[in-house]
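Okay, got some structures for you below.
What follows is chain A paired twice: with chain B in the first complex and chain C in the second.
Take a look at the complex of A and B:
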């Protein structure tokens, strides 16, 4: 197997299979979550701590509906059933988020509370939402992926290319990246080109002038939550299809999502996406064991004996933290020159 | 009864009283100017007329109808337009998008009004794809003015439209305001540059501590020795 010649093609195949594809799909999932946080921040002026748990809530609906559909035998072979129920799950999540807005956030908007106060309220919503999910679904892991697992498997890839190192493209990875691109394109089109989208940007830019232009703030808020519900449910479902679901895991997703938003530049949708991929690639690149990769690239005498893993996977959340600290020290506005975290 | 009338307005920010029975009125095709020292409540009058601040007592009428109880948005849809002094553009939107937002409530074709704005401010046409935050102070004032025009208002309320612009731009803005007045709009303006503003005003109000101190035509006020001494620097 391991010859002493340098084998760049197999090294690249290895890296694609274990780093690039997983990081691309993880990055896409984070990007959708980060975009939702950015929308809430821009329009409603608070950092939504309930984002991770809202994703758990949306995914919970997807899981319940998927189970129901499979029980009824209402499936299409090859396609994950979860994909079919996402539209209904989005409606469910939208109703939940809008109810939370009416019950909690609306009051703080009316009394013109400071943004830090609303952030604290969102932490309350986070606990309630997480509790609801654990109450309904339980804390245990859930697997809800069905249908074809691979677009092409390692074995098929090897047979096709004759390479020693195979690449597998999981259905969930393919779906994640494809759907994320379509959804992001839709959100940007909506914000840039439609009248309602422009009104959202206007409201985010200058609330008082938006009112003076006749823009209805209630409508802007509602549309924002509808977009957030779509992004949240889809991000959660895709992450769950890819990596499985536990309420705790989704709760912890908040950290890499916030890191993405801040690294990219708070309030900048493009920044949120760039930040998400930066965080995802850092996590995967820093926790990957490079032993086999180096064996492909180095002559026999230099082959590593250790795993050559920079950071253990159990520390992956620390990476988001580290990047966050570095960015806040060096460039607090983020890559895309967003706002800094101050309460105006 | 004048087209827009605020009568005996009393208002306060929290417990701090600002306006004490202050009255202003403006007719269609007329330019009325409110001048006075800092803290006299000039901007507050506008906020009350627009419903952005609730008056404790007094009334606001538009074309004879009492609009005191209406929300800001309802007053906007009835034809009031406001150009605030600060933060009067959408900074991260293009010039053209700023104008579109002005026409948000309209359902008819807005192209013609936009062309009118562009012919009034040719520089805005050149910069229509640029973000408002990239423009100079004077150009931003023009965007703000243009945005208000896009609502096709019957009354234009302007809060210090020449704040922070060069004297040349100030003359331009004043001439634009006169154009708008001559087109039949009622224009009410708060101005720091009292001398210049009263020069072009049909009617002037000198406000001191939230009270009408002097009222008259622009020329009467300029030629009033007391007003000259106190407010126009002799």
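Take a look at the complex of A and C:
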């Protein structure tokens, strides 16, 4: 550990390594999940409680295919095999979600059921999906990341910059952020510029009017589920590459995802993304132990002896809930006052 | 055919309860009476839980996805009320903990008051943060001290050492308090906010219970909880019980030679003591369930019940007639959650052990939901029959699944991969089974087995 001098650069490097990079990638994963919930909410008009378990389902396909590919030796060195199989996994997830739509949700759309009834149906789907995943993969943790673990490691970074505190960029973090940006850009482009995207927004804005102007509701619903399947699978796979996979962990992701959606303003895609990063950063910032960081910044006499951790790591799910409660108390409409898919 | 239909329509309640009773009797004659009483008692507790949820969903359309949390709060109350206090731990850290909790409470109250007075938001945030840090400092200090006291056996503050039945009421109150705070925040907003908030609070309650060892020992469990009914050993040694058993079995005992009679009698006494204890529990639970159902049905037939149904069926109209919907919803949410809390306390009392890891959403939230929907939402007796049927299926589906796997195993050779895989995973099929039951009932018979009777408003 260094002397009693104040060392801002190393403190910042420390924060980047342990807070900013993890929070950025976690935020991106949440954002994709939150975007999927928003799409379902806007077009199909219910809060999809099955989102977390659908992510587990998509990731399950990725895990199975990755295992198969590695067994066959069909890998490209340096690239996680999971990345290669994502397109196939998306198709699998899409088929699953679409058949759930036909079997379950379609009926409630037809009879114009209350949204809360569909929410309950989605909980049924949640348990069926969770059961399938646990039945096929088992409840134990799975690790399916292969290829290069780091873009650059702590050692390489230290050698390059000469700093005492290193920064490592994990491949999974880099991939997460890059893919998330590309995917979000694609979704926004799709909603804003393409004919189908515009139809979706119109349908979300005013269903009756959209039907009158000749928009095919079945097509809108199908396209929505296709988008949701892509977001869900990719979010799940990236989260799994980053943090490993257990069905229970994915199930619990529902809480931060919902918090993101509500904090951002339910129904607003931009809000969902903003909310996701807010939740991710709060979670990481509040559970990070600031001891080392303060040692860099404070003179020797003021060095802390405890961990200086605001909230224990075990309560990270409580953080998203607390943020949710505060937002509901102060501004129930969320940051972006969203209700529909159309821009303000 | 239509004849059968008519009989079913007019005597649904009687028929379904009779069939359920026959099923239980069938298990009793074929397997064992202790087993069937165990199932029966858990059916009763589930029925009370389902009743609480039915009041929320059937009376007011409130969607509570955090049943597990309210049940766990009830369970915690049993420990906090009925366990003996740990004198040493209280001496070491009791007052410090009290001080820390008081500090926390003062922080929250100050924050709320300042907010009401309209002070600067940053000032309020500063006050809350400082209060939080101070609370956390004293809190972790006290928690450490308490957890160090004989961690293998206690390591927590213990309870108040009161009678366990008192904890049932407290369990209800604790759940009601939690429900009130959630309801206050989310009711009046969108309907699914309540669902999300209850889901969150349930998970967090469980995290707190599992992680705060000083509170109820965390995942180390609390065993040997006190009972409202006699212990088996005491029964076996008491004369009146031995007399009763020998009278009950007198005909079969007389056939035996005198030498064998004592041995046979003590065997009977041992078996009967288990059954007797379970019967005592059944009596208690039935009393509570019946009282609750009678009260709930009386309430539903009263002017209050008419108001509740009017609000549920048409919020806008009821609101136009001057009914305060949010207030009404809050009231119902609190009442329903309190009943769930009581049931949670009953369950822990019955088990005699508090195991935080046993609280799974599938078992505590979802299963209860299936009971309510299958039984018939809005109908209190429906929840009871739903609870009986679903709990019975739930318990029997385990052995049935294993039996099925064994059947397959008979046709394959030893160590077959598929069979081993199935044996390992077969219990996850319950998730799929129960999910499918819920979805099917919702889709095809939304009213459930005993649909709500149409009452005139």
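Keep in mind that, in the parts below, the second predicted complex is superposed on the first by the 338 of 344 C-alpha atoms of A that agree within 3 Å, B and C clash if a C-alpha of one lies under 4 Å from a C-alpha of the other, contacts with A are read in each partner's own complex, and residues count from 1 in each chain.
One rule holds in what follows: a residue touches a chain if its C-beta (ideal position, glycine included) is under 8 Å from a C-beta of that chain, and two chains touch if they have at least 3 such contacts.
Not measured: the values here are computed from a predicted model.
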>> Contacts for A:198 in the overlay, against chain B (first) and chain C (second): which applies, first, second, both or neither?
In response: first
> For A:6, is the partner it touches chain B (first), chain C (second), both, or none of the two (neither)?
Replying inline: neither
> If you count the residues of chain A that each partner touches, which comes out higher, chain B or chain C?
Replying inline: C
> In the superposed arrangement, does A:315 touch chain B (first), chain C (second), both or neither?
Replying inline: second
> Who does A:216 touch here: chain B (first), chain C (second), both, or neither?
Replying inline: first
> Regarding the shared-chain residue A:159, is it in contact with chain B (first), chain C (second), both, or neither?
Replying inline: neither
> Which partner does A:143 reach: the first (chain B), the second (chain C), both, or neither?
Replying inline: neither
> Who does A:70 touch here: chain B (first), chain C (second), both, or neither?
Replying inline: neither
> Of the two partner chains, chain B (first) and chain C (second), which one does A:262 touch, if any: first, second, both, or neither?
Replying inline: second
> Which part of chain C faces chain A closely enough to touch in the complex?
Replying inline: 61, 63, 65, 136, 185-186, 189-193, 195-197, 199-201, 203-204, 207, 210-211, 362, 366, 369, 373, 424-425, 428-436, 438-439, 442-443
> What residues of chain B sit close enough to touch chain A in their complex?
Replying inline: 50, 52, 72-73, 76-77, 81-82, 84, 87-93, 97, 100-102, 104-105, 147, 151
> Which of the residues in chain A end up touching chain C in this complex?
Replying inline: 46-47, 49, 103-104, 107, 114-117, 119-121, 123-128, 130-132, 134-136, 138-139, 252, 254-255, 258-259, 262, 266, 310, 312, 314-315, 317-318, 320-321, 324-325, 328-329, 332
> Of all residues in chain A, which touch chain B in the complex?
Replying inline: 195, 198-199, 201-202, 205-206, 208-216
